[in-house]
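Both of the next two complexes hold subunit A, though its partner changes from subunit B to subunit C.
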Partner chain A sequence: MYDGRAVGVGPRWLPVALTARRSEVWPRPKRGNVGVDSGLSLIAACYGVGMLSSLLARWSGRLAIGVGHLAALAGAAAGLGVSLVILLGGPGRTLTQPLPILFPFARLSLSVDGLSAYFLLVISLVAVAAAIYGPAYLRAHSPEAGRARQAAQVFALNMFLGCMTFLCCAGDALTFLLCWEGMTLSSYVLVVSDDRDGENARAGLLYMVMAHGGTALLLVAFLALTERGGAFDFAALRAAADHLDSTTRTTLFFLALGGFATKAGVVPLHVWLPRAHPAAPSHVSALMSGVMLKVAIYGILRFAFDLLAPVDGPLPPSWGWTVLVVGTISAVLGVLYALQQHDLKRLLAFHSVENIGIILIGVGLAMILWRQDGVSGALATVALTAALLHTVNHAAFKGLLFLGAGSVLCRTHIRNIEELGGLARRMPWTAGLFLLGAVAISALPPLNGFVSEWLTFQALLGGGSRVHGPAGLVIVFSAAMLALTGGLAAACFAKAFGVTFLGRPRTAQAEHATEAPPSMIAGMVWLALLCVALGVAPGYAIRLLDAPTAMLLHGPAASAVVTARGPLVLSAALTPSGTDATAISMTMMAALLIALTAMAWILRHGLRRSPARAAPTWTCGMSPTTRFDYTATAFAKPLRLVFAALYHPRREVTRETAGTPYVVQRIHYAGEIVDLAETQIYHRVEREISALSRTIRARSTGRIYGYIGFVLGTLIVALLLIGVIYR
Partner chain B sequence: MSAETVHTIIDDLGALLLFTMILIVAAGQIYRAIYAVAAQSLFIAVAGAVLATATGNVDLWVIAGITLIVKAMVLPWVLHHVVQRMNIRREVEPVIPVGATLALAVLIVVVSFQLSASLGSVRQAITGNALPVGIALTLTGVLAMATQKTALTQMVGLFASENGIFFTAMSVTQGMPLIIEIGVILDVILAALVMAIMVLRVRSTVDADIADLDRLRG
Partner chain C sequence: MTGDRPLVLVLLEMALLVLLGPLVTGAIQKMKARLQCRQGAGVLQPYRDLIKLLRKGTVQADTASGFFRSIPVLVLAATVAAGALVPVVRVGPPAFPLGDALMLLGLLALARFLTAIGALDAGGAFGGMGASREMTIAPLVEPVLMMVVFSTALTAGTTELGALAAHRGTSWIVAWHAADFLGFAAMLVLLPAETGRIPVDNPDTHLELTMLHEGMLIEHSGPGLGCMMLATHMRQIVTLGLVAALFFPALPADSAGATGLLLGAGAFAVKILVLALYLALVESSYAKLRLFRVPQYLGVGFACALTALALRIL
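== the complex of A and B ==
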């Protein structure tokens, strides 16, 4: 076993590579720790088998899809096992495993600590659902898919899951960046694989460009650290960061934040997200929205609290405030734009922007309050707990919602909710599960979304009362915005659920829809159970958060500040004296809700003397048609008016009359809203670049020797400059 | 071999290299330029062999051998082949008069020596003249590319420039890692293949020279 010391980059790399002994090239796991060690190898093997199973598509695409998803399921189960062992293994439990030497200049390793294990858990939980759901979805949604496409999808899915898993387990910068890139590339393949139309290709291209812009920022941040540390492993990066002056430290943090925020879809870097996520197959959308964005959160946490954190003393104030403000803006704008979407999957994608914002509010608050003395330190733990809890909660309910949307999509092939309707009778399971997810994402008790948003509130309100001056007001404002976000999300899902599943079907496809196959329902049920469990008994989840919070904050663990007595009572210890004022029992609340519902039902049905009569709805003497339904556009209209300044709504109404204006035969309505970030930033930049390139094109001669001449001139000038400098 | 002998040999080879470079820049016929670049590669191979005996670095022998085979024989043969296939005698179209090009080349050599003096002596270099000669060769190679309109002569310029980089690397560092040298050689071979195919294809399909592609600009 080598001691984890990486080899520096330099001219001496060659002998190292050539003299490395065989045992170093293929390291053996440590004795006594074999179980978990082989767990990591098992995950790698499962996803590897999954990738290889794409070769089976040569004989049968169906077989490839089945084996590939089975392997992914096994990999996810192994991931669950490894993460639980680490998370429950007591504080400071870390697993390190060197990897085979792939590059002569760096030694790769995996290192699973509390934070890694927690994100590994989140990834694996959703991956289980996606792997169960996937095969039936691919068969039902695109039965005409060719074998090459099926092979590509199986390969990319397993690569995607494997890269995300090992990204969170990376023990050095190179493994991290390789997995990051692999994650981007494989998800790109999945985005463009679903339908062969131009929109998917454009979405994929935008995604690719934005993701690589972000990767470039990350690369700079990482290479600046590895160059100073002389090695790639995180221990060397930490040591290098200790010697940074505050300006460099902050610059590096903002570079990393920019890179991760692009991936996380933070406003205004979110433009790719509502295009790319809906384009992928639905179980991949669930993974991208539920999990891939969280990987970026992992990166932010890793950089802020671990790699770049000063040895002692709080983080620079600019870090936390930026994250908090950006998170607040993302949360509000995300849900506002989601409200005006009529494409079901696009609407869900915008909600991911919102939820990432909520998570970042918690992260930012934790960064602000970290290592402040007294209660504020404990508040930092509450804030981080809230953020991490919302991470898994969002993964569960957003995964569930995307899978539900996928069921609707594969049975109707319609994404526009205006053309759906009446699906609750035709797809009862899907409707029920989608409703459950909608309740959870709207932060309504007793489901999981409420728990983490409630904890975020506790942290915000506590923080607002402890940070003095205008800064405290910002925190309280952020709390107010969070409340607004919750309300708007509820409105949005009232619209999404009501228009999609209630009323009467508005198209033939919706009318003839049937329930999704059982394996797809099973995938959704798994996530729904998670939502309920995390909502009704959050105490157990808080215990899993002990390892990451204690490891990141070097302070009290999550269960020390968030009192969670088993499944029953949940409260945030804001004051040293008492906690009961803010205590809440999710289990009791659930029981109460069930009891109240039962009572209302009994009052309505049990005590009624006269039998119920079925009668048609009175519609002013006309026969009811589907056009009487409340449309999504109409439902969102009041909010469109209130927030007109943000939306810049454009509407176009054309009437077809029969000669006289009093007889209208047909009215055509078209409306759209604009994304402020898109028009104000991206379109402007696009225009500038186009103008610049036109100017350059007008000046260019097209003569090769001319260009070479330019190169020669530049070379000579550069050399002369160097000569002057070194003189 | 004593150190002085090595110094003298390398300095003399440097002078020969510069001389062949002048021949390339001033060549009025494409064949002459090809022979000159072949001779230049031969001198590079000799320099590699001399350095190998002087330093005892086995890698340098390998590099000298590869240079001899690839750069002094195979690549000139490829160029020769392309010229014959295209059936032209005189494919040299200078952008500026040859006299002016030669004056620029002289200027570049002077600047290189001047620059090298300001950088100070390189500790590992075999002789004090190795670095400026190498820089001058590289830059003059680029000059040869910049002052010719046709693709074939630009290829010759590229090989000459590559030779300069090779000479610098060899004599200043006393042998770079083998894998890097092999990588550089592979680069040149690929470039030669791509360019040869391009030249022949463009000629055979659209009956135009590479130089005519400037009409394609937007």
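== the complex of A and C ==
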């Protein structure tokens, strides 16, 4: 029995300082205050331990992998805790922590506000799954891996997670850029670490080049601001941005947008993504697709609504419209190219392009509608809520799908779905979880993809009815394209799931596949539960969006608009009053679906215990073989012909005949489609650069005096330019 | 939370649609037969077929996975749930929100997705072909359907079907805006595609050259096939109900009481019969289109819907 006075004394072995602080805090418990301040250090410590654990590979690679992933799991759990405390801590809750002074010219700091905390949550949710899934995957997929490779993978994974986490929590430009670069480098190591073949190396090189092109743009945007503000922290940047004229502001925004869009894989800057993402180990693919792209979305939001936003009045119209149009194009082209991919992980990577497009549609719409005259501010909140909700939704289902693809890959070592088949009988858990992810990503009720797309539709519709003229038509047309995207995604996943998991196994590897180990399934189950929870009870998740939406838009918070009628009902304030807005209840619909499924089950099985027997599939009298299964190429052929203008499909059929054309011995079919961005933009640029380098080669004589002359000339020109500018 | 339709009424309406679904198919078949100078089977034939199927045994492909047995159940549940979103005897928003037109289209898409998965499971070429074709047509139909919904929703300010129908009220063609005519035209173009009828699909045949939806059902048998057939009937009446809610006049919501409900039910039956007659007429007077002509046919609907949207906004 304690009495009141005993509180705060504490056990005798506790240090005095700690007991004193406890007694001080105890009377007025501020939720998580003590824990959160040290939370960021805890996250850093966990990932740091994870990076150091790569040293253990000197003795045992297996030990290094185990300890490294355990540390990553702890870091992710700490990240979850910190982000939840900030998000649920009420409006305006921020956490600032100075970092050790590493550079004489800049003070580094971390600052976690609502937006940072939300992205920290997204990162940590997927990181938990990846850390659970990783060790078994690495063991099963590459048992012959050397210790150096294992050490590199453990080191890079923890560095990758740490950099993403602290990038979202960065309080100044230098921390942001350092983490950005660390994220790129560590993910590059992971991309090239998996298999040592030329294709991976080329994918890694392309990734490296494009990522650094993007970083260069970001660097210009940041340095232009820090130079004006005289300091690196975000508050100084904000103050510097207040005095910008509109042209400079817009130029800086587009520079930043270019940098982030390269990382996010927005069409036409996406070409690295479908090569690099599949090359990494599958749990890293899940992180890259599910989380790393979102970090770029974080950057766009931070720049548009926070750093560069004018003090009052709407954002320049060109910003929002560019993002909306680019998002729509990415969504449609991403899914169209995904449809024609037969490499399971590559297909998923193209779907990331699509989903980033869907998120950008919401972001762009929020940018257009924000602080507009005659538009209720609630609508911008709906659009931003849709975008942020899709961010976490996409992280959940894309993570799940990549992990599912990884399970298939580590059991069969095949990525081409034409060579799989029949895996549902051999890997029932993986198949079921992959199907769940497929339903979610196709935006079908009652799972989470539908919820965020529904919100996007409502925001687009509301925007279309308020923005008049051709602009309104663009918004509604973008809604129609979003509908097309959803339909095509369903077609694509009917193909991907059907050809991979159903029918007959088409190769020996597929025939002898076994179920993935339990820890891998546990990682997938975690994300599957997220998909279900976010789909069936989204109202509770929307409470977490209050802090970022209120902070960015300075308007009504998400739950005040979207779940104004209670957490079980989603509504979007299409009318200014918000009372007769369209409302749906995912919870009720899920309950109805379950009840109806039970009734249909009774109808199917309960009426009469009818005999069931198995028989071979009817194949017109021939004995059924795997050749009768519909292939992925055949499945996608009608859509390939319908959208031929975008694919430029090529096919080559050669027949080997036995002397007479009527006896065909063998038919060889090869078909491919082209990526329009690649042929129309990149190949041209490549040709131009090659031509340019050939001209330069003519001038490069090999004499050192000539080169010194060039350097001297360049220096003089640069000095003259500076003299002219700063006259 | 005010609403004109209590949850019990919504569920009763859903049950009514399940019961009447096969009757609409029977009526269309009968009208088609008479238009083609045949006697035809009775309008109750679909019910007899269903009862027969539900009492039969099952033969399942030996390559099919565990998913195959649950596909018909899930498809039926998703389609019937879509039925809860269509206003039948009374218009107006439901007392407890359940779903809107987008949810309805989503549930129908879910049913179609699961059907396609089931078709690929047996490992025969027919199922795969049906699934491939269905999943080619569906992404082209869905955006146009949504655009038609948007074109009416833009004036009403909601996508909830009961509220949309209430907003339409008793106004009929004379009070229509040009966008309504174009939206209705787009809907008439889409209706055969969404209900799986000529000129897009042929529900009467299993011939591999013509089939879409039937191809996906070919490996199902017994009670499973019965569930799939019931889902097909349900899908048809739900689609017709969607058109009726979007474009046809409705009695005012305040005409309560038993007479109001009966009148509403009668009016709904008339609307469905008119649309059924339209489907029978189209089926009797056109040939099925080649698969690769279907996108052009749907393009007409797309053009109409886009113009309707443009007229609403500009």
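Note that the second predicted complex is superposed on the first by the 659 of 727 C-alpha atoms of A that agree within 3 Å, B and C clash if a C-alpha of one lies under 4 Å from a C-alpha of the other, contacts with A are read in each partner's own complex, and residues count from 1 in each chain.
We take it that contacts are C-beta pairs under 8 Å (C-beta built on N, C-alpha and C of every residue); 3 or more make two chains touch, one makes a residue touch a chain.
Values in this document were obtained by computation on a predicted structure and should not be read as measured data.
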item	value
Partner chain(s) touched by A:Gly709 [first = subunit B, second = subunit C, both, neither]	first
Subunit B versus subunit C as contact partner of A:His648, first or second or both or neither	neither
First (subunit B), second (subunit C), both or neither touched by A:Ser700	first
Partner chain in contact with A:His243 - subunit B first, subunit C second, else both or neither	neither
Of subunit B and subunit C, the chain that contacts the larger number of subunit A residues	C
Overlap of the subunit B and subunit C footprints on subunit A, listed as residue numbers	none
Sites on subunit A touched by subunit C in the complex	421-422, 424-425, 428, 431, 435, 439, 442-445, 450, 454, 457-458, 461, 464-465, 468-470, 472-473, 476-477, 479-481, 483-484, 486-488, 490-491, 493-495, 497-499, 501-504, 565, 569, 571, 574-575, 580-585, 588-589, 592-593, 596-597, 599-601, 603-605, 607-608, 610-619, 624, 626, 628-630, 634-639, 641-642
Subunit B residues touching subunit A - in the complex, by the definition given at the top	95, 108, 111, 114-115, 118-120, 135, 139, 142-143, 145-149, 151, 154, 177, 179, 210-211, 213-218
Complex contact set, residues of subunit A against subunit B	11, 14, 697, 700-706, 708-709, 711-712, 715-716, 719-720, 722-724, 726-727
Touching residues (chain side subunit C, partner subunit A) in the complex	1, 54-67, 72-74, 76-78, 80-81, 84, 93, 96-100, 102-103, 106-107, 109-110, 112-113, 116-117, 119-125, 127-129, 131-133, 135-136, 138-144, 146-147, 150, 153-154, 157-160, 163, 218-219, 222-224, 226-227, 291-292, 295, 306, 309-310, 313-314
